[in-house]
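Before I ask anything, let me first share the structure, which is written out below as structure tokens.
Per-chain residue numbering starts at 1, and chain names A, B, C and D are given in the order in which the chains are listed.
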Amino acid sequence: MDAIILQILNGLDKGSAYALIALGLTLIFGTLGVVNFAHGALFMIGAFCAVTLSRLLQISHTVIDETQKDFLGNPLQVEVPYIYDIFGQATGDVIIDWAVPISILFAIPVMVLIGVAMERGLIKHFYSRPHADQILVTFGLAIVLQEIIKYYYGANPIPTPAPDAFKGSFDFGAALGFDPNTIIYPYWRLVYFAFAAIIIGGVFAFLQFTTFGMVVRAGMADRETVQLLGINIDKRFTLMFGLAAAVAGLAGVMYTPINSPNYHMGMDFLVLSFVVVVVGGMGSLPGAVLAGFLLGILESFASMREVLEFLPGINQIIIYLVAIIILLTRPRGLMGRKGVMED
Amino acid sequence: MGILDIKNVGKRFGGLQALGDVNLSVAENSCHAIIGPNGAGKSTLLNCLVGKLIPDTGSVMFDGKSVLGRKPYEINQMGISRVFQTPEIFGDLSVLENMLIPCFAKRDGSFTPNAFIDMYKDREIVERAEHMLEEMGMADARGDNAATMSRGNKRRLEIGMCLAQEPRLLLLDEPTAGMARADTNNTIDLLKQIKDERDITIAIIEHDMHVVFSLAERITVLAQGTPLVEDTPDKIKGHPKVREAYLGETQDAA
Amino acid sequence: MSKMNLTRRGVLKTGAIAGAGVAAPTIFTAQSAAAFTNEPTGSSVTLGFNVPQSGPYADEGADELRAYELAVEHLNGGGDGGLMNTFSSKALQGNGILGKKVEYVTGDTQTKSDAARASARSMIEKDGAVMITGGSSSGVAVAVQALCQEAGVIFMAGLTHSNDTTGKDKKANGFRHFFNSYMSGAALAPILANNYGTDRRAYHLTADYNWGYTTEEAVRTSTEAMGWETVAAVKTPLTQTDFSSYIAPVLQSGADVLVLNHYGGNMVNSLTNAVQFGLRDKLVNDKNFEIVVPLYSRLMAKGAGANVKGIFGSTNWHWSLQDEGSKQFVQSFGTKYGFPPSQAAHTCYVQALLYADAVERAGSFNPCAVGEALSDFEFDGMGNGPTLYRGEDHQCFKDVLVVKGKENPTSEFDLLEIVEVTPTSQVTYDASIFGGELGACNPGA
Amino acid sequence: MLGLDKKHTNLLLLVFVLTLLAPFILNPFPEGSGMAQFNAGYPDLMQRFVIFGIFAIGFNILFGLTGYLSFGHAAFLGVGSYAAMWMMKLLTMNIIPAIAVSVIVAGLFALLVGWISLRRSGIYFSILTLAFAQMSYALAYSVLTPITGGETGLQPKLQDPRILDGALEAGASPKANLFGLEMGSSFEWSVGSWLFTFNVGYYVAAIAMLASFYLAIRIFNSPFGMMLRAIKSNQQRLNYTGLNARPYTLAAFVVSGMYAGLAGGLMVAMDTQVGAERMFWTASGEVVLMTILGGAGTLIGPVLGAGMIKYMENIMSKINSTILHEWFAFLPDGLEDFVVTLIYPFIGKGWHLTLGLIFMLVVIFLPGGLVEGGQRIAKLFKRKNPSSDTPDGKTTPAE
């Protein structure tokens, strides 16, 4: 029982990352009709916003410490962040410690800007081109973006820890009356889950309750009619792309303490997030979220050793198996509208 | 008994009864029009005939054989060809290639893995396709890309492609929709010519009364998913029920 | 910046000079022209450095390349001579190899066996490399080693830790200086027993491929011999990035040690996740929960950041070693590049020098002669203390380091501290236990 | 000739001459010169050109003609490779049975995958093929290790049975051969300071490529090929013309899977090694890049695209900063460093970046790929003497 609860918890947490990425992908597909293979790269760039900010906060000058020696036996050069000089060491340490949450503020404008630039500069020329062309050009863009990041940050993962306040894990077991330590979950992952829920809720509320959102939803349903009404839907769609980029970017920022970011983390997520979108139903926002959580939970169950004993290797293929089964039995996905990219 | 017999056909989409209880018989070598206001179920009926939809009830017999449950290509191979509302042709291919495809389909059936013959060396097929193009008056355009043609010519090509299969029944779905008057008249002339020169049954769904009355020998009026009346054009013109059904519909049907 | 004459097959150099302006073409086959593949006949010899330059191990590859460039500099008499000063064999003169200037070509393995072989073949076929070295994974090492055997050149493996490289996939033309899974297990177990006691219950997470299997097996066998119990071993996909669903059930199982048989990105992520779960703050069976990483590399430690603190693992070499050889190498490398070398850099540098020395001692570049000179060769002064290149499987036997993540690092390179230098005798095994057949050396041609 | 019209006969002859003379064409620079870096006329790369050419030609039969974008074609290449390797291990190092079996096995696997995946079209089809390929990769790397060798892959071993081959001489290792003619053996011809290598393996692979190319021309010009193009153009009309699209697409899928299997078998024949990464989704992506880069739906395009990507991968990636400095040594020191800094990110280890950029540019500006580029250039020259269009009704794809 506790093992099951644990894996559901786990699946929800994993699923929240999938859902966030799939949400952004679906926003773009639903509004613009564009299949964006560079979406994983946006996630990755978001993560590197956190890395960049944490590096900016740690820009240092060196002080020579005669009492210590470096590896060559010379006096040690100690790096002192400028931030210490401004705020004092204690405050400076706190600021550096909180680099990841602070990066959210930094990442939003950066990601919106990147998203808008991408849409205006590239994607907009591909609205009328076939899906295959869209896939290919965004795939090329994804390669370029990740190579640029690699050039500046190297190929090695860069540790970007969460603030100390979130170290350790919460003991659900003790709280729920099971044995202590049976159901533990890291605080930061709980934060991630809550964060994802807020973002998802926010996006839905935004689309549901604002006029902007209503127009965009109308545009998703029938672009031409909305345009006939004299509404500049293009401009709104550009902003939607910015929004989707920001969602992907924030998902990336908050993900950094979970796994040290590296340049290919976007590609690692790309295939998976497409499977999520397709399983949820192309163009369906609730479908993307649902499928994200569902696949997260299934993946978690497939990784249990009790399952692996029966089906060795099932953890390697579960996601793809589910995708194949869903596509064959329910081609429009779990919640897709009929006729959207169907045969 | 006609070449096409539709008996008790009904089709429901969720809460909407698209077709009620349709009974219709199309006589061989006649030209039969199905008219009706928007939403009367004309397109649903047509889709039931060609295999795109399967009716919930009833039977559709073509030449004594049921078409229900068969795929569109199988029904086509039985001898039913369909002309679409917007011309459906192979836009990326040349006009001649567009015509070659139905010629191959007619002779070789629904699938032939003939990957090693040069299609232009198949004189029988090429001559047939060229002959059809000449008949359609498009021999000069044979090398053109089909997508670049005018809408009228695309329609002409599509009809030609259907005829190349020598179908026994030609289904036309609003063949003049969205056409300029001149193109419409050309199409009417073409269809008249086909009707006169060939042993072919034509069933036509049309909005445009001018087209219907120029061509049809019998007319079925469909309203709310059921046939209202079926009669000759002259009788239909003055029929009170028809006027009733078309009230408010007559303006844009002109 | 004007020297670096890009050579090709040495054969041609003389041929080209002599044949310049000669109208009549000469046709010859490789067989008739040379005694062995790419025999250098000009004034220089070309080595092929095949390292990952793209893909996840690109940084490791970059460090390997630095080491090779340093080795070439030293071999050609530049710099401070590096390990040639401390190497027990004094055959190398700093005048190239056998008097021929050392030149090199580089290639990108992409950490894929196909790409690695393509790159190695291009070095052999196009650039006339007489030896290939480098690499950062066992898949690549085994693939390139087999290629070099076929082509008739020497392969000096870079970073490869699987038993297979000198076990079931060993080849007469291939040599490995790096240690392997078996040695990691043998070196780690006593230290783990000393620190964590002999009554421990271990939970293994194992990368689901060859290296993972052999490492798990090695650590399991040697820890079970110390009295540990293995509670469970779960295989994780290579492409896994989030290990939470594998780590979450660990505590429930009643295990009090988690062994992460992971390498590279897998290890960075699984360790980060495990620490996140607060496993190390838990008390299980009245003991502190512990995590063990059988194979450490500095780049992995760097990627995992503070999460490595206090975690045991093994490594081939570390720059904080205080023997003369290690100090000399750190000095040379650090002076040139400004930071201490990684274990991958050390292995690659040493491999380059060992090859050069073997050629000098053999008096020939012929792979068979070189192989003979390397087989059962005993040396010292290259770090790791006295070392034996065993003839039966071409595996180096030397001290293995057990290290621990440092609690208070002074720099981004100072992440590990040496806990124990396990003597060679403890990690030596019988050459036959992994199967495989060395075969005969192949000089090609 | 060979049942082809004049235009296609000329094309085939051109490709024949180019492949025959490839050792000369690809080695234009004398040995030892700075430009020798750019020579590509060594056996491994020449073999890869033609092998990946075959792979791309096959992929193009599916994607270029029917428009079905498979994102899992590398799986067929991989399966073919494994099949070929097992034939070599069990039966004989002669490449004929290995290649024959690789084509058959890849064809059967493609039949299975295609039969399921072709129930869907568009991006759903792409995801299905991707899912199959990723499953093949993941399983081959892990639980199927006893069959596939997993991480370290498979190579011929001394102790393999090879029941048709005689015992090896002492000290000899098993080598891929064609009735005794070893794939690795080469003739070298030295002319002045030029050196040309004629490799047996290359010519064997080249013959396979020419045969594949010829077959592709036949398919393109056949009614079957026209039906495939019709599927891409308008599947609805095709259905209502009495033609069943499924067997056509499935046949195209299987044929292109067999091409991939042939390529896989040849890879093993030329370089006796197979590993699971060969099936990773990026490998499937690579053949898509090749086809689009060269020109999807054209005959020669995929071959050009394959050549270009393999050239970049093998030649560009080997240029390191030392070589760059050598090239620009004639510039003043400061300028030299500046120029090198400017170029360095795009070559050597940065070759992926260049590839991504070129690929984007091609998709944006030349949707028809390099072939379209060539045609545009040709048009610029032709404008001076207007050609008379012959309305023979053929819009056979551009070469």
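Keep this in mind: a residue touches a chain if its C-beta (ideal position, glycine included) is under 8 Å from a C-beta of that chain, and two chains touch if they have at least 3 such contacts.
Note that the coordinates shown come from a computational prediction; the quantities given were computed from them, not determined experimentally.
Chain D has its Cα centroid nearest to the centroid of all protein Cα atoms in the structure.
Set against one another, C-D and A-D show the most C-beta pairs in contact at C-D. Set against the C-alpha centre of chain C, every other chain centre is closer than that of B. As a whole-number value, the distance joining the C-alpha centres of chain C and chain D reads 33 Å.
Separation between the centroids of chain B and chain C, computed from CA atoms only, is 73 Å. Work out the mean CA point of chain A and of chain B, and you get 52 Å between them.
Separation between the centroids of chain A and chain D, computed from CA atoms only, is 35 Å. Residues of chain B in contact with at least two other chains: none. Looking at chain C, one finds that residues 54, 58, 208, 235, 237, 239 touch two or more other chains. Among all residues of chain A, those that touch two or more other chains are 312-313, 316. An unclassified topology is adopted by the chain contact network, corresponding to no line, ring, star or complete arrangement.
All chain pairs in contact, by the document's touch criterion: A-C, A-D, B-D, C-D.
Remark: chain C residues 54-60, 208, 232, 234-237, 239-242, 244-246, 248-249, 251-252, 265, 268-269, 272-273, 276-278, 281-282, 284, 299, 302-307, 319-320, 330-331, 334-335, 339-340, 410-411, 413-414 touch chain A in the complex.
On chain D, the positions that touch chain A within their shared complex are 67, 69, 116, 119-124, 126-128, 130-132, 134-135, 138-139, 142-143, 281-282, 285, 288-289, 292, 345, 350, 352-353, 355-357, 359-360, 363-364, 367. If you check the complex, the residues on chain C that touch chain D are 1-9, 12-13, 15-16, 19-22, 25-30, 33, 53-54, 58, 62, 105-108, 112-115, 117-119, 121-122, 125-126, 137-139, 142-143, 146-147, 149-151, 162, 164, 169, 208-211, 213, 235, 237-239, 437, 439-442. Against chain D, the residues of chain A that register as touching in their complex are 35, 122, 125, 129, 131-133, 135-137, 139-144, 147-148, 151, 267, 271, 274-275, 278, 282, 312-313, 316-317, 320-321, 323-324, 327-328, 331, 341, 343.
Taken in their complex, chain A has these residues touching chain C: 2-3, 6-7, 9-11, 13-14, 17, 68, 70-72, 76, 150, 154-159, 161, 167-169, 181-182, 184-186, 188-189, 257-260, 262, 264-265, 268-269, 299-300, 303-305, 308, 312-313, 315-316.
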